[in-house]
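These are the structures in question, set out in turn.
Consider the two complexes below, in which chain A is the common component and chain B and chain C are the respective partners.
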Partner chain A sequence: MHAQRKMRKPDIKMVILGDMNVGKTSLLHRYTERSFKDTLSTVGGAFFLKQWGPYNISIWDTAGREQFHGLGSMYCRGAAAVILTYDVTSWQSLVQLEERFLSLTDSANGDCIFAIVGNKADLTDACARDVAPKAVRLEEGDESDHLECPTPPHTPTVHKQVMREDALALYNRIIHSKVLEKRTSPPAEDVCFETSAKTGYNVDTLFETLFELLLPSIICTQTQVESPTVCLEDYEEMKKKKPVCCT
Partner chain B sequence: MSVKAFELVPAVEWEQLTAEKARAAVECIECCGEHLYVCTSDCVLHHFLLEARTTAKGRHTYRTQKLLQKVLNSKKPAAELKAASALDRLVVLCDAAISLVDMLTLEAVPSGGAKLRGVTAFSVNENPVTGDAFCVEMAVVSARRRAVHICTVHEDRVQVLKEVVTPEQPCALAMDGYFLCLALPMQYMILNYSTGVSQDLFPYNSQERKPIVKRIGREEFLLAAPGGLGMFANAEGISQRAPVSWSEGVLAAAVCFPYVVALDEGFVTVHSMLDQQLKQTLSFREGHVLQDFEGKVLLASTKAVFVLVPLPLETQIQDLLASRRVEEALVLTEGAQRNIPKDKFQMLHKRILQQAGFIQFGQLQFSEAKEHFRRGQLDVRELISLYPLLLPASSSFTRCQPPLHEFADLSQLAQGDPEKVERCKHFLIGYLREARAGEAANGFREDVDTALLKLYAEAGHDSLLDLLASENACLLADSAPWLEKHHRYFALGILYHYNGQDAVALQLWVRVVNGDLCDPTCTNLFQYIVDFLSRCPNLDLVWKYADWALQKDQKIGVQIFTKRPISKELLNADDVITYLQKHHRALLLYLEHLVLERKVQREKYHTHLAVLYADQVLGLLSRPADTREHLASARTKLQHLLRESSLYRVQLLLGKLQDSELLLVERAILHGKLDEHDTALHILVHQLRDTTAAEDYCTWASAARGHAHRRRLYHHLLGRYLDPDMPGGPRAVEAVDLLNRHSEVFDAVQVLKLLPEAWSLGLLHPFLCGALRASVHACRTTQVALGLARAENLQLHRDRLKYRGGPILMSEKKGCHLCHNTFRDPECMCLPGGTPVHTHCAAQKLQDTPIKRRLDRTHTSNHT
Partner chain C sequence: MDRIETTDASLDPDPSQTGFAIPNDTPPSESHADHHAEDVCPEDPSPDRYPDTQRAGTASENAAEAQARVLDADVQKEEAVEFTEPVCPDMSESDSGKVSGDCALTDSGQDNSGEFVVALLTRAKLEEQGVGTEGTPSPLSEDGIPVRASPHREEDISGESWRQHRKHVFVLSEAGKPIYSRYGSEEALSSTMGVMMALVSFVQSGDNVIRSVYSDEHTVVFMQQGPLVLVSVSSSRQSEQQLRDELLYVYNQIVSMLTQASITRIFENKKNYDLRRLLAGSEKILDGLLDLVDSDPSFLLSAVHCLPVASSFRDALGHILQKSITPNLVFSILIAKNQLLTIVQERTVLGDARLNAADLHLLLNLVGASSAFQAGEIWTPICLPGFNPDCYFYAYISYLDPPECTVCLLLLSTDKEAFYAVAECKRKIEEAMQAQNALSAIAKAQFYSVSQVGVSDLRHFMYKPFDVPDNHRQLTQFTSPEMEAPYSNAEERTRLLDLYRDMHSRVHSSSRPLKLIYHVAERETLLAWVTGKFELYTCFSPLVTKACAINAITKLLRWVKKEEERLFIRYPPKYTTTPNPSKSSRAGKGGAQMDAADNGFLPLP
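On to the complex of A and B.
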């Protein structure tokens, strides 16, 4: 992280929510530092300022522990995007999203964008194990496969408990419950991801997709905040209206 | 790792607070400037004067002087004290009631206005909204009502302005402007008492743990959160900083920018607000009160009062840098920006950036180092001075004091690893190049350029020559030994030249070309020297080295003279020619340059060149036949010169070539130059027997002389062909060909007279056709011209008549315009415009005109 960047004011805010131990901090770490390391349980929360083109995007990493649950709505206040994270090997973690975390997002912006992310995909899907899996697999023979990976690629080590369809369904329920307009919210297929912070699978896609979706609101907030120019046309319109009001 | 951010300094000792017998504990404290108020559990209010001292060693101490103590008029000790210095009043919350006490006498002030009873907590607004300097705004929580009272404290009274209803009974609060930050039993909330808008922050069980609500700045609060967190929240209920992690049993917190200090049962912890990291932990038992008063953090146990003195920012930063925590040091520096004056901050920031750069440089993190050097506007010489011997001996540079880094030189930094040294040098090359391009090198270009030159020379870098060839400030005295050491003699020569010492430069280069010295970087040095001499304005040098160059290679050597710019030529061509007599080949090239390229129009050069060519041809002729090609090219050159030039002395050359039986074309040309066309054609037709050459000769010789001359030459040639006296008789075939091909040149009538009667018409058909057509054409065009001339004449005639006007009527009654007498006879003259006058009048007038008069005068003056 660069020292100077910390000082700048963020243009827009993103929050990562989810049950403890689903890999929120690892996701953010993978995206910002391009590496995976064992993280400690997050205390309270942390945030990272990402410079994306000319814009500063603050990404808040929250604590998943029940103890800090109360702080969640504060982190969500003013957020333009919420990343709801679950663990693909834990059905409970998906249930928790709806039961515990969804209510926190009430304090987020009205036009907030939701994303549903199933992390730890490397444990269940072979394709998430390598970042460029297919090309390598085809070239290698069956024998070398056995030699190089002790675990066969197509038998998952852990049973996958949450399918992508479940995540899509959750997303649609969220949109429905928030009474968000289906037309303005992005379609479920675009904002439901299965990622792996360990291998980096889909992580960049997740963040970059969200930034792209956020771009209109970034521009909107920027013009709201800093508009040094005075619109003369608006002024004239007001002038014309005035006498009508008086009479 | 930790930073030493604060130092714990005792302020008030146990002995100063209690009489021998009583065992009183500190209940609450207040500090305002140098005034320290302490209320102990025996209901005594103490007033101390707190004077900061600095010992000789730079340590902070406090000298405390007790001014007064007074027993409060109450059974319970004060729970909270707050000074209102503008009013000289101390607001005391004692036994659930607020009272005012004089700050100096500690006497209770009878207060008018509202009585505030049942008060559990109050908070002074440090960002007041009333704008009255002589009152203090306060928010008061009363025990019996679910409400907060907003009131103002004046010198002698307390006035309640507003009652703000809260959902529940608050237990702690802080205030900023219109915002109240309240700790309710189960949650925190923010309430705008002007608009009534409220914002829930987060749940917190105030019964379980004592809530902490602290204003830390404009519209920003610090709150104790579940799990021992310190949460930040602004007035909109948004957290703009990540939380700090305290222990579960946190008792109190204070802010001393950029640190958050927290107190728990055994420790004082210090977190940075900039990166949320724990920076320092101080062991402190029986901690009781921790509060910040206008930037001063005071800490009290039950027995004594301490001051947490922040170490100077620079010390903290230097500590961080010493432990190589560059990022943290920079964060701390930049975080302190608003607390220090701008110019001072800039100085500090620059220095820290430079130091940070050097630390990263030492770790070979070059891109980060470069960025920090750039932002810190580092004096480039600081960096150069790390590299031994790079700075010129004459440089006035001394390293910055105190030093920016701990390295003596590069070898210490690299610990003798040659690869590291190499990488550092590579970095410096890049850095200096950028410095040269920008403004960073202003004021010490000499040092920078010399250092760069040395680095290039050492690394065998190609850019060395670019550096020297462009504008530079390399110091000769310092660079020369260095370049010699690295055998960059060519570059050294360029440097000498740049410093105006061409003689030294040439001497050096000549030694390289001769093989005395070796410079592997330069290949075609001889050509370079020649080019250099050809541009050299110093003629002494040119003459000095011309001999050497010509001896080495005449063809290239002569370029010293031929390539010189014509516009500012200092050399006299005659001198050069005299000088080149020894070098035959060079002389020829030089003359060719003069005559053919520069087209100097002097007979001397032309003759000289022609003679040289002729000699060459004659020389080749006398030698065996294997030089045929050479001969051909030499003859072509000679013929070309003889034809094109008209300045050489023809007789001289003719004399030279007269004897040669082979050089007929040349002789013909020479005769042609003398206008001896008969002789020339004779040679060509009868000796050389080359009709094409003869025709070419005619074309060439008449090229600039017009049609008539050309016709004469062709007739000459025809005459030659038809001459019956010649050996072998007349040459009919050639004559016919000539006539048929060039019919337009000949005068057909003369030709027909010349031609023998026996020739058939068919033979001359093309010629005759041509001649006839030409004749008819001439006749017709002449007629057309005649007709046109006639028409023009007629036209002019008509115009003349038109301008003369109609007939002039004369009568005896008509008067002359000049003498005004009437006409006697019909003779008259007309003035322009047709006015009739007397003949004599007109003659008179003509005599009187100015031109006439002037002419007369000159006549007379000539005579006298």
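On to the complex of A and C.
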């Protein structure tokens, strides 16, 4: 680890919201630790700093429990991206996003990017079940591959309660209700995902896509708080690493 | 030295304490009613822990009292008949047959009441067998609470194994809605809990408070705290007071998550609110607490166990914490191997207030239960009921040695928004500790072996001093060596703890408190001694003589005195984070302790 890590200053903030037991912590665990394990119910919120190339991205993994609902807006304050997570096998979890969690995002940035993520896809879609090795390969390939990852074919094993169309519709409603400009916010197809933290299906795609989308804002915030000194290390790293996503 | 009580080589606690060794032909008399009034006090929801008034008691009085404790048995017996009809309309002959098999019967009214409860509980269970467990939606599932996947939760409550659990704990609302059960799902137990609530409110309607019910195998203890009712059904032979204290821990853990004020408010607004909506996901925290309560003597002694380290090292750590502060930070706590390493607190705002041992236990339990994802930094509201049951602190929890995760830093702030500032304190602490190579020194810190004391025949002890300087401002602490052979497996450890619990209950018995107990048990000899300066429990090999044991204790006390600096936190350091209290908008208007934590509640539905 480089010396600069000591003064880790987050460049941008991301928040994961969603009902309890939809797999928020597992998604993040899959992405950062590359593994899946049983997690305990999150208390309050957990803060993670992810190094993505030269950038530090802070991710708040929040508790889905109603008990901690009051903290939600605190976690969301100044967030540049919000990941709204539901469970594809639970219609209720999608409903909760609109009823309970959407209002929390009022304190996020005005140009906040929303992503709608249906987790536990491995339970309903055969393709999501043993996709892990493929996901790793994808990650090493170039970005265009990520975005073109096909939606899994529908061969349900557990009854799928939430279809991708429902998520797309929710996204469009959010964009509409937040009066975000359709022009500047990414199209629904790009930011609605079905993932599986258990197999790793689509998890990297989710985070990497969002990071790519956030890049303009990151650069923007960096120039805003431009300090008189130039960090050479950052510059060098940027040069070397910019096109490649982190591993 | 007050009294030396010698018992024969029996492991059984004094039968007069378990409350069922009452002559069969003793009819409830006037004198019982007197005791009844003393024990069943309608106006007093929080019984004194260790009443100062030491009532002189004789064995017979003790027994009479035990009987009286089971309420006006006569009344209950009468009412039981009336009562049974509406609650359980279809009780069959075979049911009652099963019931009487459960509980050895005598003619005494007390046992009848025991039977009464067991009967009702059994019946409720039989009912559920037919209804609750077969997927029929219970009236409780309407709130859409997801089914939790925990082995304890899925346990079949009609099975024999469910009944065999040593200690059940139930929490319900005044409306009879289940909130928590240690084993089995709350839905399946809803009618059992309904019966419990029926018992509570029935006694309440007679302007009385039900406190406990004794049967020959189980002690059922009831405790009402605001709108919540807690029930412990235990076959552990612990004293009623001990079980009550444990229930209080459970209640306080719930308060630590929700605050007392919001619990009260919720139930004022909606009497039949399903509190599980707010506690969903926290069952593991309560499960963990109850497991700790059963295995860790800190809870019994209401004291904290410190990791023994050289006092200079502890001071150095305290100094690091003292220097890494930010406004509104009030407590900095360092924990290693689940034991307290050091604690530093704010001076101006907190004043003489201190963290009490029970609150620290709740905190430690929370840390243990939230360690699933140890790479992150956790920020969560937490209420410390002993400090102020109505307000939240904000706790920053982070491990300093990932991935081992044995050294944990806990920073408590009164400012909800202070996460980034507090996280910065952690970086400072981390750096300073790195500079001093503190982590490796912490890793080397060891619990000690009883052999280090150098007293032969001494197998184990627990020493809780009261004479720490400044003790009114001090965290209550105790010290104890590791449990070694023959107490190296879980079963033997439990056995020793049970013996300690028995000694503890006799020392603190409200009817006949003892200062010194010498107890010759089957496989060991125990000596408990309580003075104004300390409380001591020792365990010797069975062949020790009384003189020898007393001699050993003198040596032990000398050793503890010598090692005091290493075993206890002697002078907890303090810092000032708000040099000008009025500067902070959130904390410390005028520096009163209530203001320190007064930063509102989480908005609740």
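By definition in this document, the second predicted complex is superposed on the first by the 194 of 247 C-alpha atoms of A that agree within 3 Å, B and C clash if a C-alpha of one lies under 4 Å from a C-alpha of the other, contacts with A are read in each partner's own complex, and residues count from 1 in each chain.
By definition in this document, a contact is a pair of C-beta atoms (placed from the backbone, for glycine too) under 8 Å apart; a residue touches a chain by one contact, two chains touch by 3 or more.
Given the structure is predicted, the values throughout are model-derived calculations rather than measurements.
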Next item on the list: Would you check which partner chain A:G78 touches, where first means chain B only, second means chain C only, and both and neither mean what they say?
Entry: first
Notebook entry, point to check: More residues of chain A are touched by which chain, chain B or chain C?
Noted result: C
Notebook entry, point to check: Touching A:H29 in the superposition: chain B (first), chain C (second), both, neither?
Noted result: second
Margin query: Tell me the contact category for A:G45 with respect to chain B and chain C: first, second, both or neither.
Written below: both
Notebook entry, point to check: Touching A:Q67 in the superposition: chain B (first), chain C (second), both, neither?
Noted result: both
Next item on the list: Return first, second, both or neither, reflecting whether A:T199 touches chain B, chain C, both chains, or no partner chain.
Entry: neither
Note to self: On the A-aligned overlay, A:N21 touches which partner chain: chain B = first, chain C = second, or both, or neither?
What the structure shows: second
Next item on the list: Mind sorting out which residues of chain A both chain B and chain C touch, each in its own complex?
Entry: 6, 43-47, 65, 67-68, 70-71, 74
Notebook entry, point to check: Contact residues on chain A for chain C in the complex?
Noted result: 6, 20-21, 25, 28-29, 32-33, 38-48, 61, 63-71, 74, 90, 92
Margin query: Considering only the defined contacts, which chain A positions touch chain B in the complex?
Written below: 1, 3-4, 6-7, 43-47, 60, 65, 67-68, 70-71, 73-75, 77-78, 107
Next item on the list: Over in the complex, which chain C residues touch chain A? Could you list them?
Entry: 144, 146, 257-258, 277-282, 284-285, 366, 369-373, 375-381, 395, 416-417, 419, 423, 427, 431, 601-605
Item checked: In the complex with chain A, residue positions of chain B that touch it -> 187, 200-204, 225-227, 229, 231, 233, 236-239, 242-245, 274-276, 327, 330-331, 334-335
